[in-house]
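Next up, some structures in structure tokens.
There are two complexes below, and they share subunit A, which is joined by subunit B in the first and by subunit C in the second.
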Partner chain A sequence: MKRILIVEDQADIRKLIRMTLEFEDYEIHEASEGTQGLHLARGVRPDLMLLDVMMPGEMDGLQVCQAIKSDVSLKSIKVVLLTARGQARDREAGQTAGADEYLVKPFSPLQLIDVIEQLLSVAA
Partner chain B sequence: MHSSLAELLENLKPGLLWVSREGVVRYANGDASARTGLAPGRKLYDPDLARAVTAAVTGRTPRAVTAMGTPAQQGGAVPELKCRVIPGLSQDDAFVLIGNDPGADHGEAFDNLMMVIRSDLKDPLDRAQSSLLMARQSAGDAHAIDALANDVDDVLQTLRKLIDLASVWGSSSLLANDRIELWTLLKEVWGETEPLALQRGLKVRFRASGTSDKQTALYGSHQWLKRVFVECMEAAVRSGRSGDTLEIEHRQMGPRALVVFRDCGAFAPPATQDAVSMPAAPRGKPAAAPRLAARDQIGLKLCRHIVSLHGGQLREEEEGGLRNFLIDLPTGAPHRNDHSQLDVAQAQQYARDLAALMSRARTRKAAAGTPN
Partner chain C sequence: MNTDAASEMRQLQLARDRMQALLNGLPDAVLGLDPAGRVVLISPSAASVFGLDTSRLADLTMEQLVPGQGLGDPETRTLEGMYLRSSGVHVARFEADAQRVDGTVFPADVSLSRTEIGGVAHYTCVVRDITEQRMNASVLNLYSRALECTTNGVVISEMSLPGQPVFYANPAFYRITGYEPGDAIGRNCAFLQRDDRDQPELATLRQAVVDGQSASVVLRNYRKDGSLFFNELSIAPVPSPEGRAAHYVGVLNDVTDRERTRLAIAERSARLNAVFDLSPDGFVVFDREGELVYTNRAFIEMTGLDLLADGAGANLADFDREFATLGSLSVPCRPVAEVLSLAHDGAVETLHIERPQYRVLARAVRHQADGAGETILYFRDVTRETEVDRMKSEFLTTAAHELRTPMVSVFGFTELLLRRPVPEERRKDMLETIHRQASLLINMVNELLDLARIEARQGKDLKRERCSLGALVRQAAEAFASQPGGERLEVAMAHADAQIHVDPEKTHRVFTNVLSNAFKYSPAGGAIEVGTVAGRLAGQPAVGLRVRDHGIGMTPDQRARVFERFYRADPSGNIPGTGLGMSLVKEITELQGGTVQIDSRPGEGTTVTLWWPCANAAEPLIETQGK
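Here is the complex of A and B:
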């Protein structure tokens, strides 16, 4: 079973994402802020991370993504950034941080599942 | 009226009338004109409002009153206007704030703004006026012209800061969600402040605690946060002496970023910056409390307001006998709480797609031969 780690500070959004993923067979883990998400990623070794960009705390989503992609032992984790910021320069920042995909809120659950399936099938 | 002050008043919400003790309109901004039909030179037609103005001018205290407005269309209903009357800039005038609820935030904000104008603009204006008189009397003496130029510059800088203060007071210009890397911002700010530091013979040393701190991200208005850092850095540079080295340190404390101006005297009254340079008080007269220059006072108010709208604070702290000035801001996510709107939009999107999601899951399970 593929492991997915959701890192999102808004509990309601986290719940909606979990609900979406529960339609499929995934092992789901959750974190509510960046540092905790990075810590959990090191422990759980997920196949994919859904990472909110703007989170309170020491690390925002872009910084967590950079940390994941610059760590040899973690860089194979697929990272999907979730954000309310959809401008070209924001996407560019996501690309620079090494993100594999970028979803702008509000996103469709169908779109979310499609993106996850596509990334995990490439990884398989 | 000075064009800067006119701009300041025109941009204020709610509607604003500036009236004399007798109720003659001296100034009406666009919003007030539309609601009341009044223009400069005309007299208040509502007796309750006129009485409230007289009472506010005489008693120097604010008054709340409901007045009749002017219908939006000919033959339309006469609207009731909730007004707040506050004492004006001199002893014989008043301001009338017109809005749906002028007693709430806007009224208070405007009171604060008027207090700033009354207390902080008076001295620079008085100084400029006496310099003007000196310049006239001295018939072109270079020193007098120089002093006049400095004083006029002081007034203009103070007015410019007041306009900025007015434009951020409603906070709508702070709704940006820019991602701001603090270290990069500090470098940008130094680029703007360096000429002043060079001119005053000061050096600045930046320090960050830890390498990752250089990447600390804030969310908010790049324009206004940059303004805060420029104001604070300029105040620190202005309070330093030639040959000083100004130390600015960036610390990450959990979910907060601190920028510390170490023992720099930023926004401190002159006496605490350099007690020796203060003139002695005349015998028998208590020494007046040292006061910040008007532009620093307004700059500090502006900075406090911007930082608080970003969920942070400005403060002073004692550390090992040093008095540090700190900018404390939350990192990682914008302070503004617009989550609920986002949640609603996301929930609506889910509601629209939920049926399709369930149907797709059922089809897949059926195809895989799994009972539903």
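Here is the complex of A and C:
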């Protein structure tokens, strides 16, 4: 079973993603903050991470993404950025950070499932 | 012969020799004539004057030498002339054209005299060559004509007489000054200045005269009719044989038009300079050689650079160097020299300077390729606009983010409910979440619109009236009192009867928001105390409404940002809110003349005091026991 880590500070959105993924067959882990998310990633070694960009705290989503992708032991993890920022330069920032996918909020849960499946099938 | 006769002879001979010597010395031609006008005697000079050969005098007549003057009949001619009683001599004097032997003609002054000696008439003719005299007269005449015709006025003053009067003035002088000959002659030409004696050029003239030198000045002079004209006056001394200046010649030129133009230009320049100095934008001008010629007041204030202050001068390189010291090392300002060399002038660039303080400047460089070849720099302080733009941009980004976040739940859960088989218990949870988030979104949109509207209208929509503070507070508190947790409210207002001049509906909103926050940020419970306090606002009596909770409180950082749009102390959504509540509170309170005061300690709670000026400044605040 594939492991997915959700890093999102808004409780309702975490709930949405979790409930969405429960329709599929995934092992779900959650963190509500960037640093905590990174820490959990090292411990759990998920196959894919769903990262909110705008989070309070020391690290925002872009920084966590960069940290994951520049770490030899972690860079195989697929990263999907979720964000309310949809401008071209925000997408570019995501690309520069090394994200595999970029979804703009509000997103379709079904589309999210498709994206995850695609990324994980490639890995397999 | 006896000795008397011999000595008489000798004396005669002596007298004759003396006479001869006299004759020989004369430059004029002296000729002796017989009654028929034949030449019988000539002086040596006569030979040279007429080019005569003294050996060939035989048939020479006066008529040949001075024709057409009746010199063939000297008797008649002289008897027609003057009679000198003392000597008994008749003289005829006239000018005529004389003729040399070689045929050349010359002008001559002729004098024919008749002397009677022993009853016999002797005729003498003296001829003077006046060619040179005539020429001199002619030249003088030429000069005189020139003086009369020139358009420049000419005066000649007699320096040896007291007052140095004018003794000659040419027609142009009268034409220029409007005076008449009787007005000027005999007066010192200072009369042209009238009362306008305060001209520095007069001192220059006086000194020149003292030194016997020439001078050239421009004076204000006045015509006979009183009208002003500008006189470009040049004076020069004419020395006497002793060396002193016996006369002074003055040449006048009416340069009124030229002077008026010059003054008009100077006036316009002064006006332009005044305009530039008033301008809030900076202007800098370099001449065609790249020398700095002008910086206006605004530029000096903007940059602290006063490059022309010490009078040492500065050029473009100096300017670029000094200006570079104002910017940051990491983001240098493009030198003007570079802009010019790349011919990028005309375009507006944005520069950031950090000294004397942080400013954002819009700069335009313009080079006048033709004309004066000047380079002009224009600076505009756009710090505030840039800041405002930045804030607007940031606000939009934040607003977009905040509005989108609740939509994630609404859209996401709705899709799941539509497309997937959701179990019953989960269904309820999802629907509740949708409802909650939708409500939040509605609130957010409403508050955002309110805020925008209030800001745009700047309080014009406020319907202010005298309201009782106590009544308004009670109204707002009621809504909370009936909710769960309402028992935490403790309302004890000492100044419930205080009157404030406010819009009751909007102010109700303000009180509601503050009370709502008090509840929200003390989730662990605790009393929420509502009371009033008396104070002063801008020197006037004021009443403060105080709401105090014992909840989580705020750090100084959070406290500093509490009024920011969308700012929430806990943005995770655990404590619901739009983040706009306190912005609205501040906006509405301040538009009505009030102010918001916040005191807070993390972990201990927050006290919000809303200060309102008393509606009647004269009425003292009465303390009551009211609730």
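Following the convention adopted for this analysis, the second predicted complex is superposed on the first by the 124 of 124 C-alpha atoms of A that agree within 3 Å, B and C clash if a C-alpha of one lies under 4 Å from a C-alpha of the other, contacts with A are read in each partner's own complex, and residues count from 1 in each chain.
Quick note on the criterion: contacts are C-beta pairs under 8 Å (C-beta built on N, C-alpha and C of every residue); 3 or more make two chains touch, one makes a residue touch a chain.
Note that the coordinates shown come from a computational prediction; the quantities given were computed from them, not determined experimentally.
J.: With everything superposed onto subunit A, say whether subunit B and subunit C fit together or clash.
T.: Superposition check on subunit A flags a clash between subunit B and subunit C.
J.: Contact-wise, after the overlay, does A:Lys15 reach subunit B, subunit C, both or neither (first, second, both, neither)?
T.: Once the two structures are laid over each other on A, A:Lys15 reaches subunit C alone.
J.: Could you tell me if A:Gly98 is touching subunit B, subunit C, both of them or neither one (first, second, both, neither)?
T.: neither
J.: Name the chain, either subunit B or subunit C, that contacts more residues of subunit A.
T.: The partner that reaches more residues of subunit A in the superposed model: B.
J.: Just to be sure I read the superposition right, which of the two partners does A:Arg85 touch: subunit B = first, subunit C = second, or both, or neither?
T.: After superposition on chain A, A:Arg85 lies in contact with both partners, subunit B and subunit C.
J.: Name the contact category of A:Ser32: first (subunit B only), second (subunit C only), both, or neither.
T.: Touch partner of A:Ser32: subunit C, not subunit B.
J.: Once the shared chain is lined up, is A:Glu24 touching subunit B (first), subunit C (second), both, or neither of them?
T.: first
J.: Determine, under the contact definition given at the top, whether A:Pro56 touches first (subunit B), second (subunit C), both, or neither.
T.: both
J.: Given the touch rule stated above, what does A:Phe107 touch, subunit B (first), subunit C (second), both, or neither?
T.: After superposing on A, A:Phe107 lies in contact with both subunit B and subunit C.
J.: Following superposition on the C-alpha atoms of chain A, which segment of subunit B from the set 117-125, 189-197, 261-269 or 279-287 overlaps subunit C?
T.: 189-197
J.: Common interface residues of subunit A with subunit B and subunit C?
T.: 9-10, 12-13, 16, 19-20, 23, 54, 56, 84-85, 105-110
J.: For the complex, which residues does subunit A have touching subunit C?
T.: For subunit A paired with subunit C, touching residues are 9-13, 15-16, 19-20, 23, 32, 54, 56, 84-85, 105-110.
J.: If we count contacts the way the header does, which residues on subunit A are in touch with subunit B in the complex?
T.: It comes out as residues 9-10, 12-13, 16, 19-20, 23-24, 33-34, 54-60, 62-63, 84-85, 90, 93, 105-110, 113.
J.: Per the contact definition, I'd like the list of subunit C residues that touch subunit A in the complex.
T.: Going by the criterion above, the answer is residues 397, 400-401, 404-405, 407-413, 415-416, 419-420, 426, 430, 433, 436-437, 571-574.
J.: Which bits of subunit B are touching subunit A when the two form their complex?
T.: 177, 179, 215-217, 219, 252, 254-255, 330-334, 339, 342-343, 345-350, 352-354, 356-358, 360-361
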